[in-house]
Structure formats: C-alpha cells, structure tokens
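The structures come next, written out as structure tokens.
Common to both upcoming complexes is chain A, partnered first by chain B, then by chain C.
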Partner chain A sequence: MENTNGSGRILLEVKDLKKYFPVKRGIFRRTVAHVKAVDGVSFFIREGETLGLVGESGCGKTTTGRVILKLIEPTSGQVILSRDSQMVDLARLRPRQLKPLRREMQIIFQDPYSSLNPRMTIGDIIAEPLVVHSVARGKEREARVKELLEAVGLNPNYMKRYPHEFSGGQRQRIGIARALALDPKLIICDEPVSALDVSIQAQVINLLQDLQKEFGLTYLFIAHDLSVVRHISDRIAVMYLGRIVEMAETEKIFTVPKHPYTEALLSAVPVPDPEFHRERIILKGDVPSPVNPPSGCHFHPRCPYAQAICSQKVPVLEDIGGGHYASCHFARELKLAGVADFTEKH
Partner chain B sequence: MSALIEVTDLKTYFYTEDGVVKAVDGVDFTIEHEKTLGVVGESGCGKSQTALSIMGLIPTPPGKIAAGTIKYYRNGGQPVDLVKLNPKGKEYRSIRGNEIAMIFQEPMTSLNPVYTIGDQIMEAIVLHQKVNKKEARDRAIKMLKAVGISLPEQRVDEYPHQMSGGMRQRVMIAMALSCNPQLLVADEPTTALDVTIQAQILELIKSLQDEFHMAMMMITHNLGVIAETADDVIVMYMGKVVEQAKATDIFHDPLHPYTQGLMESIPALTKKKDRLKPIKGVVPDPYNLPKGCPFEPRCPHAMDICREQMPPLKDYKPNHKAACWLYE
Partner chain C sequence: MKAQQVKTETALEPLAPPTKNQSFWADNLRQLWANTWSVLKQLFKNPLSASGFIILLGFTLVALLAPWLAPPPERHFNPYMIPQDGYSSTPHPPSVQHPLGTTQNQYDIFYGLIWGTRTAFIIGIIVIFFTLLVGIVIGAVSGYFGGWIDEILMRITEIFLAFPSLVATMVLVTILGRGLDKVMIAFIVFGWMAYARLIRGNVLQAKENTYVEAARAAGANAARILFRHVVPNAIFPVLVVASLDIGTVVLGAAALSFLGIGAPEGYADWGQMINYAHNWILGTNDDKLAYWYTIFFPGLTISLFVLGWNFIGDAFRDIFDPRLRGTR
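Up next is the complex of A and B:
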C-alpha cells in the first residue's frame, strides 16, 4: 500500500457544514440573496494523514478551511475535533473556550508576500503565537524560534531580519515555522505552493512531507493543482460549487473516478509530454454563480452525461464501495476514464 | 518552412538606481511560419521582456534594447530590423497589433473597464484596416463568434465586468486576432485561469492557429502547456537561453541540468513519485550575477570552468542546442 500515513483514529470530522454569505442591497442593506460558498460539506481526516481538497476558484475550498478554524463563523453544521480522546464541536464554542483549542490547529497561507507583516522581524513573526498563548518567554522563547527556523531549513541567525529580505520560497518556510510554533496537530495548508516557481515548489512540498513525518502532523491540503495534490495526499475530496462531489483514496480518484466532474478535471490538466495524446473532455461554459446555483446536481448544466433526473434531484454523497464516496445519480453505472486510460500513446 | 522572425544576440537591459539588470542577455531564436515556439522559464528569467522587446513595448527609460537584431520578414519579403525602428513611429505601429499581436496573462486587467468589448475590438480593426465603423463592428462580432462567445450580437455591447475570466481571455484573443496577424505572442495566456477553462482556451488557440495560419510564441512556466502547444522550445534562465530543441527532444532528452532539474522537480499527474527532486538553492540576485554560468550555484554538475566562463549555446545533438560545459 502506498498510503501508509494515518493511524485510523479520526482527528477531525466535519458534518453538513454550511457557510452562506449574505448579499446586501439598497439603503437599508437588506439581504436579497446568499452566496452559498459552502453548502453542506461533510468529511473526516484521520490522524497523521493528508486529505487533499481540490476544486476550481470559487468552489468553496478556502472558505471550508477558514470555517474549520473559525476564522469565519459557520452558518450551520459541526466541526468536531478529537482532543485527548474527547470530541469537541468547535462550531458551538465561544471565543474564550476556543482559544486553547486554536493551539491544535494552524494554517499556512497561499501568498507568502502578504501573509507576513513587513514591519516585524521574522523572529517576532514566528514568536507571535508563543506570545499570544503565553507558552514561552525570554531565552526559552528565543531558543524555540531558533529551533523552528532550523526545522524549516533556514539559518537561525536570520531572526533579526525582515520579510522583504527573503525570497518567496524562504517566506513560505517562515510561514510554515510560524504554523509549527505551537506544536499543532492539524495544519490547514491553503494553496501553500501555488505562488512559488516550480523549482521552489518541490523544495516546499518535500519540507511539508518531512515535517509531517517528524512531528506526526495531519494536513488538510487545499490546492487546485492536481499533480501536486496527487503527490502529497492520502485521500482526496473534490469540490464543485460548495459541495463535495467525490472523495476517495488518491489512487482511486486518479484511476477510477466516479464523478463526471473529476473525470473532466483529470482530462483538462496539460501533461508535460508532447507525445501524450488523449480524448479531452472540454466542459461547456463557466462555473455557475454560487448565488443562484443550478437546481438538482450543481454540475448538470456542464455534465456530458446529464439526464432529466440530474436537474430535478440533488444527488447524495454516498459510499459506493470501499470508502469511495461520490454524489452522482449514475456513479455506479458510468464507466469514467482515469489517468491510466489516457496514458496510452497513439 | 521559412523564418518569420529571427532574433539575434538580443540584449534588453534595465538601467536602475541600484545597477543594471540584464533582463535579456544575448538571446537567439527563430520563429518559423505557422509554427509555435514555446518559451519556458521561471519568474524573472526574461521571457516576458523578450516578448515585449519584439513588440517594441519595453518601457524606456529605464529599459533599453542595448544590442542585437530582431529581423521580421514582412509579407515574405525583405526583413525589417524591429530594433532599428522607432517604437512610436508609423512603421512599428502598422506592425504592432496588426501583423504581430499579443495576448497578456491577466484577462482581468488588460481590458479597459469603461469601454464595451466591441469598442475595444473595433479600435484595433479601424486603426489597421481600411474599413468603416459598420464593417468593423461586423468583423468584431465575427471574431467573438470565432472565439466561441455565444450571442455575439448582444455581447459585443457588454462591458468587461459582465464577463468571467475565461470569457475575457476569449475577448483578448478575439482582439489580437481581429487583424489576422502573422505572429501571435501569448504571454502566460492561461495562467490566471482554472484548469477546465485553461483546457478550453488552449483548444481554442490551437484551432484558431490552424484556421488563421499564424505563428505563435507561447510563453509560460507550465511545462504541460508547452508540451501541448509548442513545436520548438527554448528554455531561459537569468536572461539567457540555456537549451533549444524540438519539443519532443526537450521533454524526452533534456541536456541542460536546469531543464533536467525542472522536469524532475514537478510532480506527475499520471504516476505517483516517491519524492520530488527539487533544484537546490534560489535564483541569483539579478544585480549581482555570477561571473560564469548563472545556473552554476544551483547545478549538481558544476565544475571549475562553470564559475569562470559562460558556456556558448551550441549544437550537441542534431538540432538540439545547449549552453553547458558538461558536453564540451
């Protein structure tokens, strides 16, 4: 088995999570509609594993990550974190009750340029979580910052420098060191390598994998680059317009996809081999607006296999065998192409 | 096939207060009629500045084409050296946007928000072709249809904010192709788009290239996009071409350690790699480039000579050039 990560114990479980943002109009700021950014998302992450969350811009993957951390209040649903074998629903906690739990969950942001305060030294940036949670002071704090810098492959003597003195890849390492400062269990990686050049991406991906092994971390890895997600994830959830349409072990998603959207995504990625040919599924049109999503299955207006029922009934995300979840009325019948089916050279 | 554009020893420098940045530093390449040249490289390697040099759009000052020639074979006749033309002069303006057109990375910011898309496409047509407004409008509608925009008669009067990113990129393409150019310079045309929309736009560009018989310069950092579109490829690093070959040779038999490093560092869609092999280190400071090969500090095969002297770009296999002392 390739997927060796994960002890089997569930660390985080998200149940029917919803986040609707109100759209306000007029002088009385009346709510005229809602953007259904996250519209009933359920999944779980086992301790020590990496769950990849993929989807195109506007599908709600970033909002999902932020709602889990309660950086955004959920509209409804549960976010259950297992802590010392106790289950705590974060969605119900007040800010004061939540604070000690924040040590367990951290985030790495996409843009290493805007996520570091340019007026703070990197020593102060990395020490800030320690200050906020009064974990260490004085010499002890400094020692911890040095230890963290070393862990992410930066020279500990850089402590007194400012973010502008570092390249994108180095800044992302600083962001990772900050996320590690409180010894978290879960790290939400929100497109951590998308802003980096390819030769630097690999360095950061390898670092994230090494740190996971060393500290037993659990990752929710949010990204739109399917090759990167395949490389790092044990399991993958595919999102479309606020809902998870498919979730399974990485190899299954890539070899035997069960949702037409996953199939189309896989076929859309350009492959770095000029002799590689395949039947490409070109989806019609754009992703519809989450203010007024299509009826029934959100994907039906673009789906090449859509039938009458798809516009009428919302499909349920259900296990169609061996932990392979799909929300499609025809998930069991359709024979969809995975990457292995189009690697044949013509 | 004959050459459409021949770039020889092009040097585009930027003279700033902190020193001289050699953004493009002695670049040679040829683009043939109806072929696609892929230009690969990471941010800051000079690929966009090479494109802007051809377009005559280098901001001067601080930028300046310090040396080199860009021979453009106009209508198959005698070549014109674009470097010698005044970028604001009449001749350059009759070429730019007409015979050589460009599409940019950001479909969100490259369109003017206060004009309808029809007005913006018609502007190029009226400027370059001898047609009246009515004909230009018909032509704009025809182009919108060609790039797959539904209801073009209505959408021609819409504003950019009424369209999605993919739609705007289609409008940009319609605008670029409206005068039937010989060469389309596409600078990261799909980078800002989602994969399913990227697939739509790539298919569109390829089919339009066949239909309009144009050559293309496809600039991107995405090796997958290069593999799908390019006939020939140049790989750039710190303002220099480090490798040049047919696309299949670049991907199947890369010679330069930088190209090899790039190929090894990307995760594959079709199979799971155990561990990625990154290129160590970071790109050098452009104000303070190494004396020899700019890739030497990151190169796993670096030798003494690499620190001293920049290797020449030479054929080491048939039609396959590299700039590396390893093969001397």
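Up next is the complex of A and C:
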C-alpha cells in the first residue's frame, strides 16, 4: 500500500522548540541544572499527511508531542498552526485564547489503561470534549457519541458501560473516538500501539489509516517501532537526544539514510528469518544524559564516522536535496547503508 | 510494498454481546445492590463486625421509631426536650411510668436515651458531612495545584493540627455559647485536617493519570478536571475513614455535654444524661449503689454505640483496603 496523502499545504510548523526541565536541589530548591528534553526541534507537517517521529526511549519524542499541545509549557520556540489560512503561534497563546484551538488538535495516548477515567462511562468519556466546548446537547450529543463509537468499530450500545469492561484494543478505540469527537485536523498519536498485542496493533493501525482517509486527518505519529512507522508514515523524522537528526520521505529514510544515527537504527530492524546473520551496527556507549549533552553534534561520541569538527560545531538541520533534511556535517559525503543492506542476503 | 511488515488482515477482536434495552438506572441500581450485598456478606463472616452491624442497626431503628417508642406527652412543643415529672432533684428508681427511672430533676431516663439516639446520629452525620466537605476541598485544591498554594494550605492545616482538638473545641464552644449547633460548628472547625491530608495524598497520585492529560487536551478547566476526574478517583478511602469517625464524633460531643457546655438544659442528649448522673454515682452512705440506674443506662448506651462503630470499623478497613488487613 502506497501512502499518497498530503496536499502540500503546511498545517503545523515547529520552529526551534525547546523544553528544559529544571533540576532542583537543596532546601531552597535552587535550580542546579536543566534536563534538555527538547533542545531545538524544528519540523513541519503537511495537511493530510502522517509524519512519523522515531527515536529511542528518553530522546524527547513524547515531550515534543505534549509541548505542541501545550500540555507542557515550552521553554522557547514556536508552534505555528495554520487555521483557516491564518498562522497562529500556539506557544505564545494564553489558556483562554488556546481553548478554541484545542478543537483543531487532539491526542491519542500510549497507555489505554490509564487514559480512560475508570469512574466515567464510555459515553461520558467520549462526550467530554463536546461538553467542554458546548458543541451539541442532549439527544444530538448522544447521537454524535454513537456515531463516533461506530466510526471506531465499537457497538454504540457500549455507551453506558465502564472502561474496565473492555480489552486493551477496545480501550484504545475508545481513546481514538474521544480524540475524534471535535473533528480535529491534527492528531498526535503518542505510541498508540506500543502497549497492545501484536495482532491488535495491526487492527488499530488500520483503523487509524481508515479514519485518516475518511476525515482527512493529519497525524504526528510518535513511535519507536520502525516497522509500524514505516507502514503508516508518509515522512519520518528521526530524533536523537532532543534534536531532529534527519527528516525525509519514508522510503528515502529507509533506503538512503543521510545520518549515521538513522543508519544504526535501520541495522536493528528485525528480519523474520532465524538463519539470517547480518552485520549490525552496535553503537558504542549509552545515550548521553540530556542534563549534560555532548558538545557540537549530540551524536558524535557514538558516531563511527565522527571527526574533529563534530565535537565543536552544532550541525544544522538542512535540506540536502529533494526535501531530505539531515543535520550532519558530512551528510553529503557519507555513503550510508539502507535497510535493504541489513535485511537481505547478498 | 510497505505493508509487508504489518499484517493487515486479522480477525476482529471478539466483542462482548451488547446489553439489550436495559435502562441506565436499573443497571446502576443493580450494580449498587451487588456491591452493598458483597460488603454485607463480608461483614457477617466476622462475628465482631456482624455484632457491630447488628448493634448499629438497632440504634438506627430506635432513632427512626423514637416517636412510637417514647411518645412525647401532649402539648409538648419540642420532642427533643425531655419531659420532667416534678422538680425534685433526687433521682427515682425504675417504675411503671419511668421504665429506667428518672435522673436528677426528674428527667425520664428512657425518654432521654431514645431521643438522644436521634441527637447522636444528627450530630455524627452533620459533623462528618461538613468536615468531609471542608477537608476534601482544601486537600484536593492543595494536592492538585501544588506549589505555593499547597504550601500555604498545608501549613494552615498543620497550625490547626497543633491544637489538642478536644481542648480547642471546648474553648470555641465556650466562646460561641451553649448549644448543639455550636458544638457541631466547633467539631467541624477542628475536625477537617485529617481528611484534607488524606485526600491530598490520593489526589497527588490520581492527578498523574493520563486521563487528566486527556481532559486538559480537550480544553477542560481546572475545576472540571479536579471535581470530575481527580476527586472521584481519590475520594473513596476518605469516605471509609469518615464513616467510621461518626462514633468518635458522638463520643466527643457527649464529652462536651458532660462538661456542661454542649446541649442545652433538658435536651435529649447522652452526654447530658451522664452529666445529670455525675452527682449520684456514689449513692448514700448506707447504699453506695442507690442511684445506679442514673449512670448505668446512659453509660451503657454510649459504650454500645461507640463499640458498634469500632467493631464495624475494623471490618470496613479490611474489606476496602486488603493491604492493611491484620494491622493495628
């Protein structure tokens, strides 16, 4: 299946977004350092496309998603949402100004167990965004909730049941219905399938794709599972230690990566063949602490191609041709291996 | 091409059959009944809690049936005022007209105890309701907003906790003046702190759930998030503790009445009954137990009531929080 979503109009643009969490110590709770969870992230999403955001645990993917929705206040940077051909910088808005914009963007959470209030019925959970924004009342609201339940493949009669009566996959569908309630344009999917069984992962992914077609949704799909991301994304952004290191169309990322970190990630894609032995790029050392990240390129201490400049100068995320963005001093020179080189016999 | 990693066609998850045309209320009522029944069943497994339950059931019946058990005399304006049979100060032993005798100033002991049951329940329920309300609001706001709001509210809570509560209550009642309403106010003012602390802790835990974030993403304001999402998930242990404190509150109120700063003169109140008895505990030189009935019946009533709550309390704790089973 080929994804050909995306009209070309930019829906969301994130510019130099930063989120530093203070580390406080001592009885006076003095700030002694900062965890640089998101450290200058820039990317854009076109209307109707799916941008996959991948990276290992703790690299700031989830924080990025939360900051875009202003569930966490950004330290600096811009989050520009296009709304009726107007550009709005969400990062600067006050809570009151932000509320109408919440209708445009919603979130689907990773954990289907803690994301539904156990003391509310499914109907109340899905209707909550409608109540908060006073869209639809009474019978009309009930009809809308039923419609949403049907859209995510659940029986509308489940309205009066409680979350504990449902399985993980069903709960995730309920979470999706809630996110759809206000007819948003952008949905941030924060690892929506990583807590589910593999068989159910496929169902939920397919549901997300069907809904995208039906409602013209735009997804920011945060995940760490490369095969899932490859399946659903039009473009992929790779994150490492609070920064985007590479962003390009899905096939380009997988066939001609331009950043050494992406190459290392691809070498870890599993191959369903027990006989197959391959060269895997094992990165040296651990992920550095985001409290005290390495100088220059964050990846240089673990990069097999690192040179002197890498520890001195921060590489810029720039277009190196055909919408392929990479932030590596040697992006143009390096000949890196694509996924096929790691997963096929020669 | 891309689809090779993810299997696209999988059988749909089996969905449970839908319930047919069952009304929301019928469903909820049945659920409530099922829960209550299972709690009752567990209560009766333990002889102590079963006897506690039976004792309290008895008191409830007495309170409800007071007008029939001890009908107020004709042209008696306030049924809570104990009728007096004469004005002699010496108590009279049980007789046909006065089944448990009369206490000082000829107040009928039986009548006072029956109507005093109502007073006890009224004090217990009203005081617990309002202390809970204050405690929940302060604790929930403190835990949810955190930061300096939390600091200020918790320091205030600690200041209130620093006073020995019975002494503080006594001082406040003395300032406000005699009367059961004043007693209840004093108990509320110095009674909410434990609930505030307990619910604050539970709120700190509940607010970390993702559904709170989901509500914020939907644009819900703080009040809605707090009272629709956080408090309902933090309140349950507090409710259990509070329901068990009814016995303690009644005992405290009786203590104030005993000291003569609680219920007004002649009001049906257990503490008051003991207060009337305190001059007659030791009878005459010939017969030390001459007036035994003045202290025995009111004392027995209060002891039974508090004992009932304590028996049931331990069982409640075991049922609702199995982790604490066998402690204390």
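Heads up, the rule we're going with is that the second predicted complex is superposed on the first by the 338 of 346 C-alpha atoms of A that agree within 3 Å, B and C clash if a C-alpha of one lies under 4 Å from a C-alpha of the other, contacts with A are read in each partner's own complex, and residues count from 1 in each chain.
Here is the rule we go by: a residue touches a chain if its C-beta (ideal position, glycine included) is under 8 Å from a C-beta of that chain, and two chains touch if they have at least 3 such contacts.
Every value quoted in this text rests on a predicted model; they were computed, and no experiment measured them.
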item: Partner chain in contact with A:Ser327 - chain B first, chain C second, else both or neither; value: neither
item: Touched partner set for A:Gln212, first chain B, second chain C, both or neither; value: neither
item: Partner chain in contact with A:Thr50 - chain B first, chain C second, else both or neither; value: neither
item: Partner chain in contact with A:Leu69 - chain B first, chain C second, else both or neither; value: second
item: Touching partner for A:Asn155 - first (chain B), second (chain C), both, neither; value: second
item: Which superposed partner A:Ala268 touches (first chain B, second chain C, both, neither); value: first
item: First (chain B), second (chain C), both or neither touched by A:Gln170; value: both
item: Touched partner set for A:Phe109, first chain B, second chain C, both or neither; value: second
item: Which superposed partner A:His133 touches (first chain B, second chain C, both, neither); value: second
item: Those residues of chain A which chain B touches in one complex and chain C touches in the other; value: 2, 167, 169-170, 199-203, 205-206, 227-228, 230-231, 250
item: Interfacial residue positions of chain A with respect to chain B in the complex; value: 2, 56-57, 167, 169-170, 197-203, 205-206, 209, 224, 226-228, 230-231, 250-251, 254, 264-276, 280, 282-283, 286-287, 339-340, 343
item: Chain B to chain A touching residues, read off their complex; value: 42-43, 164, 166-167, 194-200, 202-203, 221-228, 230, 247-248, 251-252, 261-263, 265-270, 272-273, 275-280, 282-283
item: Residues on chain C engaged by chain A in the complex (per definition of touch); value: 1-3, 5-8, 10, 12-13, 15-16, 18-19, 24, 27, 209-211, 213-221, 224, 228-229, 232-233
item: Chain A to chain C touching residues, read off their complex; value: 1-3, 66, 69, 71, 98-99, 102-103, 106-107, 109-111, 114-120, 125, 128-129, 132-133, 153-155, 157-158, 160-161, 165, 167, 169-170, 175, 178, 181-182, 199-203, 205-206, 227-228, 230-231, 250
